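In the part that follows, the structures are each spelled out as C-alpha cells.
The two complexes that follow have chain A in common; it is paired with chain B in the first and with chain C in the second.
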Partner chain A sequence: MALLNTLVLAILATGFLMVSRRSLDAIIRLYALQNILLALVSFALAGGEVHFIVAGLALFAVKGVLIPWYLFWLIDRLEVSHEVEGYLSVSLSLLLAGLLTALAFRVGKVFVLPEASLPQGVPVALALVLLGILSMVSRKKAISQVLGFLALENGVFLMALSESHGLPLFVELGVALDAFAAVFLAGILIFRIKGEMGHVDTARMRSLRG
Partner chain B sequence: MTALLALLLAPLFSGTVKWLKARLTHRQGPSPLMEYRNLAKLWRKVWVVPHPTTPLFLLGPIMALLGTLGALALLPVLPGLAFRGDFLLALYLLGLGRFFQMLAALDAGSSFGAQGSYREGVVTVLAEPGTLMALAGAVLLGEGFSLSGLPQLGVENSLVLLLALASLALALLAEGARMPVDDPTTHLELTMIHEAQVLDHSGPLLALYELAGSLKMLFYAGLMALLLPGSKPLVFLGVVGAWVLVLAYLETYGVKLRYLRLPDFLSYNTLFGVLALLGAIWRF
Partner chain C sequence: MLYLLVFLPLMVFLARRETTLLVQLSVLVPFLGLLLAPFLLGTAAGPFRLDGVGLFYLLLTDLIYGLVALFARGYFPREEAWRFYWAGAFFLVSAHGAYLAHNLGVLWIFVEGSTLASALLVYHKGGARALEATWKYLMLGSVGIAMGLIGVILVYALVGGATLDWGEVRSLVGEANPEGLKVAFALLLVGFGTKVGLFPLQAWLPDAHAEAPGPASALLSGTLLNVAFYALLRYTALMQAAGLFPFASGLLLAFGLLSLVFGALFLFGQREYKRLLAYSSMEHMGLAVFALGLGLPWLALFHTLAHSLSKTLAFLGASGILALSHAKEVGRVGGLVLHTPALGVPFILSLVALGGLPPFPLFFAEFKAVEVAMKSPWLGVPYLVGLGLAFAGLLYPMAQMGFGQGKPLGGRGLDLWLLWVLLLLLLLPGVSPPVEVFKALEVVLWKP
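Coming up: the complex of A and B.
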C-alpha cells in the first residue's frame, strides 16, 4: 500500500511539474515519466492477472516511449523554440494548479465506488484531468496544448484503473492506440499550421479565413 | 538540549559539506573538522568595526546566533520544553535573528550590505508563508498544537506530511542560502545574498554568523526529522547526513537560479505549504 501511495503521489508531482516547467523537452520527459509510473501502478495492481501486465506493457511502449519520441521528432522538425509560452506566470499557474488539486481532493471522495481497487487514486486522477485542462487553456503553442491533452488522457486512464479494477484488455489497448492516433493527427495538423502560417502560436490565430 | 547538540554538530555539518564538495570535484579538500579550527581562528582575531556604525552592528551576529539557538532549543529532538504554539515561536525566533542580521548589514552603510539585506528580505518573504503553512498543517494533524506532538509519517497522513517535508526541504535551501537560491562560495556582487550581508563583519563576529548559518540549516533538518518515524536523535543524525549528501551534490552539479526566477522556485514551497494545510483541514 505504501508503494502504491508513493507511486500515485509521484504521478501527481509529475502533473504539477508539467504545468509549471517552461521547457518543452522537460515537459515531454515528464510525460514519459508519468506514463512509466502509470505502468508501474498497473503492474502493482495486477496481482497475477495477465491482462493487466499486457496493458501496462502496451502503455509503457506506446505512451512511455513512442509518443514522447514522436513529439521530440516533431519539435525537431518544426524548428520552433523549445520554450513554452503561456498566458500565466509560473507562480500563478502553480497556484491555480494547487487550487484545482485541492478541489479534486475535496470532491474526489464522492466519486470513489464501493469496489474501487485504488481509492486514493481517484482524487489524483481528477486532479490530473484538471491540470491537463489548465495547461491546455493556459498555453499558446499547439504542441504544449497537445501535451495538456495527453496529461488529461492519463488522468482518465488512472481513473479507470483505480475505480474499476481496470478496463478490459482490448479497451485498454484501444485507448492507448487512440491516444497515439490523436497525437499523430495533431502532429500532422501542427505541420499544416506551420506550413500555412509560419508559426504554431494559437494566440496569433484570431480570424477565420476562407 | 537540542540546541547544544546542534551547536556541537553545526561546524561538522558545514565542514563535511565542504569536504564532500571538494571530493566530488576530485580535489583533496579540507578535513571535515577544519571548520572547528576555522571558527577558533576567527574567534582569536581582532574585529574591525567600520567607523559610522551603531551598536546594531555588534548586535546583528549575536542576535542571529541567539535567535537560531532559541529556535533550536524549542525543537524536541531531545526532550525539552514544549507548549501550545511553540512552532510559531521557533519560526519567528529564527526570523528575529534574520531581522537583526539584515539591520546590521544595513548599519555599516555599504552598498553591498544593503543589497544583500534587501535580497535576503525578498527570499524570506517568499519562503515564509509556505514554511509556516506546511508546519501548521503537520501540527494540526498532531496533538497539543505543539512541535512535540507532531505526527510521524504513516499511511493515513502520508500526503500532508510528504507535502510538509517537501516544503521544508525547499525552505532549507532558501534560508540556508544554498545552491539554487544563493551560491555560498560566490564572490560576485550580482549574485551574492548571504555573503554580501556578512562582508563587513570580521573576526569573532564573522564566526558567530558562520555558526548561525549552519545552525539554521540544522533547525530545518531537525524539523524534517521530527516528521519521520523512529528514534528522534538517530533520525536527526540521519537527516543531517542525508542533507550533507544532497547539498554537496546540488552545489557540485547544480546551477544557481537567476535572481528573478526565484519566485518561481519558491512558489513550489508555497504551493506545498498551501496543499499541506488544506490537506490537514479537509483530511485528504
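Coming up: the complex of A and C.
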C-alpha cells in the first residue's frame, strides 16, 4: 500500500509540474513519466492477471513512448519556439492548480465508490482532469492544448484503475486507439494551422463569432 | 454478419480516388445496409447486437447517407470529392458501430470515433475558418466526451466492475448505489450533451455546421447528432431501470428547455443561413431531449426522425443555394420560390417544417409534447414561448430568401430532384404519423 500511495502522489506531482513548466520539451517528458507511473500502478493492481499486464504494456507503448515521440517530432518539424505561452503567470498557474487540487480532494469523496480498488487514486484522478482542463484553457499554443487533453485523458485512465480494476481489455484498447487517433489528427491540423496562418496560436484564431 | 454490417462502409475505399466509383460505392453501401439490417434484428455477435431502436437509427442514417452521397456527386468538384467520401466512410463505420454496440464501453468508443471522423468532414478542404472550426470541434468534443467516459467508468464500477454489456448492466443497475448513479448520469449528460449540442455546451456546433461543406453539414445535423442522442437514450433507460427516472427527467427537462430557448434566441442574430440552420439544430435537439425528459421516449425518437429529414433537406437546399449564388448571407439571397422553384420550393418548405407548421411531422411532435407539458405550466409556458421564438426567428429568412429581392440563380449540375424526394419522405410521417411503430420502439428501449 505504501508503494501505491507513493506512486499516486508522484502522479499528482507530475500533473502539477506539467501546469507550471514553461518548456514544451519538459512537459512532454513529464507526460511520458506520468504514463510510466500509471503503468506501474496498473501492474501493482494486476494481482498476477496476465491480460492486465498485456494491457498495461500496450498502453505504456502507445502513451508512454509513441505519443511523446510523435509530439517531439511534431514540435521539431513545426520550427516554432519550444516555449509555452499562457495567459497566466507561473505563480498564478500554480495557485490555481493548488486550488483545483484542493477542490478535487474536497469533492473526490462523492466519486469514491464503496467497491473502489484504489480509493486514494480517485481524488488524484479528478485533480488530473481539472489540471488538464486548466492547461487547455490557459495556454495559447495548439500543441499545449493537446498536452492538456492528454493529461486529462490520463486522469480518466487513473479513474478507471482506481474505481475498479480498469475497464475490460478491449474497451481499454479501443479508448487508447481513439486517443491516439485524436492526437494524430490534432497533429495534422496543427501543421495546417501553421501552414495557413504562420503561427500555432489558438488565441489568434478569432474569425468565427456568434 | 453484424461485424460485416459494421465494417461494410470500408468497401468504399476499394474505389481509391476514382470519383465515379466512389459515388457508386457510397450509395451502394447504405443501400446494402438498408437491405441487410432488418434481417439481422435480434442477432448478436461479440459486443454487437441489433435491437429495434438501434435498427431504427441505423436505417435512418443509411437512408440519409445514401441521399447525401448522391447529392454530393454534383456538389464537389471532381478533384476534391474523394475527401468527402473517405471521411464519410469512416463516419458511417462509427455510426454503424454505435448503433450496433451492445456494450457501453464499445458504444463510447464508436461515439468518440464519430467525432474524429466528422472532424475530417468539417475540415474537408482547409482554409483559416474551417481550421478554426475543426480545432474548436475537436478540442471541445474530446473534452466533453472524456467527461462521458468518467460516467461510463462510474457505471462500470457501480455494477461491481463485472460487465459493460448493456443487458446485464440494466438488470444489475437496480442494486447499484443511487447517489453514485446520479453523479454518473450527470457526467454522461454533460459528455454526450456536448455532442448533442445542448446549451451551454454547444459552442462548437454553429461553427462546425457552418464551415463544413454543405453535404457534410447535412450529415452532421441529420445523422451525427443522433449518434450522441442515442447514447443519451440508452443511459436514460438505464436510469429508468434503476428507478431514478425522476432525477434524470429533471436534468433532461432543464437542459432541453435551455437549449430550446437559447437556440431560438440565437436564430435572431444570424446573418448567414447555414449558421441559422445550425442553431435550429440546437433548438430541435433540445426539443428531443425535452420529450425524453417528459417520459415520452417514443416522441423523442419521432422528433429526431422528423428533425433529421427536415434538416437534411434544409442543408442540402442551403448547399445548393451556396453553390449557385456564392452568397452566405440571408440578405443576399432572394426570390428563390419565383426564380428558382426547383431549389427554392423544397428549401423554403424545409424552413416551414423546421418552424413546426403543419402538415410537417415536427408540428405533430411539438403538439404532442405541448399536450403533456401543459399539465404543469412551469414546463408548458416556457416551452410554448420557446416554440414561438423559434418560429419567429425563421420568419424573416423564410420571407427574404423565398420572396424577397434577388436574382435568378444560374444552373449547375446539381441533383435537385433529390430535394423533392426528401420532401416527399418528410411529408409521409407528417400526414400519417406512425405512432404505433414508435410506441413499439419505446417498449424495446424501456422494458428489458
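Rule of thumb we're sticking to: the second predicted complex is superposed on the first by the 207 of 210 C-alpha atoms of A that agree within 3 Å, B and C clash if a C-alpha of one lies under 4 Å from a C-alpha of the other, contacts with A are read in each partner's own complex, and residues count from 1 in each chain.
Here is the rule we use: a contact is a pair of C-beta atoms (placed from the backbone, for glycine too) under 8 Å apart; a residue touches a chain by one contact, two chains touch by 3 or more.
The structure displayed is predicted, hence computed values, not measured ones.
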Quick one: chain B and chain C on chain A, clash or fit? fit
Quick check on the superposed pair: does A:Leu189 touch chain B, chain C, both, or neither? Answer first, second, both or neither. second
Between chain B (first) and chain C (second), which, if any, makes contact with A:Ile133: first, second, both or neither? second
Between chain B (first) and chain C (second), which, if any, makes contact with A:Asp178: first, second, both or neither? second
Quick check for you: in the superposed arrangement, does A:Gly198 touch first (chain B), second (chain C), both or neither? neither
In this superposition, the partner of chain A with more touched residues, chain B or chain C, is C
Should A:Glu115 be classified as contacting the first partner (chain B), the second (chain C), both, or neither? second
Consider the C-alpha centres of chain B and chain C from the C-alpha centre of chain A, and write down the angle between them to the nearest 10 degrees. 150
For the overlay built on chain A, what is the smallest gap between any CA atom of chain B and any CA atom of chain C, in Å? 20
In the superposed view, which residues of chain A touch chain B and also chain C? none
Partner chain A, residues of chain C touching it in the complex: 47, 103, 105-106, 108-109, 112-113, 116, 119-120, 123, 126-129, 131-136, 138-139, 142-143, 146, 149-150, 152-154, 156-158, 160-161, 164, 177, 179-180, 183, 206-207, 210-211, 266, 269-270, 275
Using the touch definition up top, name the residues of chain A that touch chain B in the complex. 1-2, 5, 9, 16, 20, 89-91, 94-95, 97-98, 101-102, 105-106, 123
Considering the complex alone, what residue numbers of chain A touch chain C? 110-111, 113-116, 129, 133, 136, 142, 145, 149, 152-153, 156, 159-160, 163-165, 167-168, 170-171, 174-175, 177-178, 181-182, 185-186, 189, 192-193, 196-197, 202, 205, 207-208, 210
Any idea which chain B residues touch chain A in the complex? 155, 158-159, 162, 263-264, 267-268, 270-271, 274-275, 278-279, 282, 284
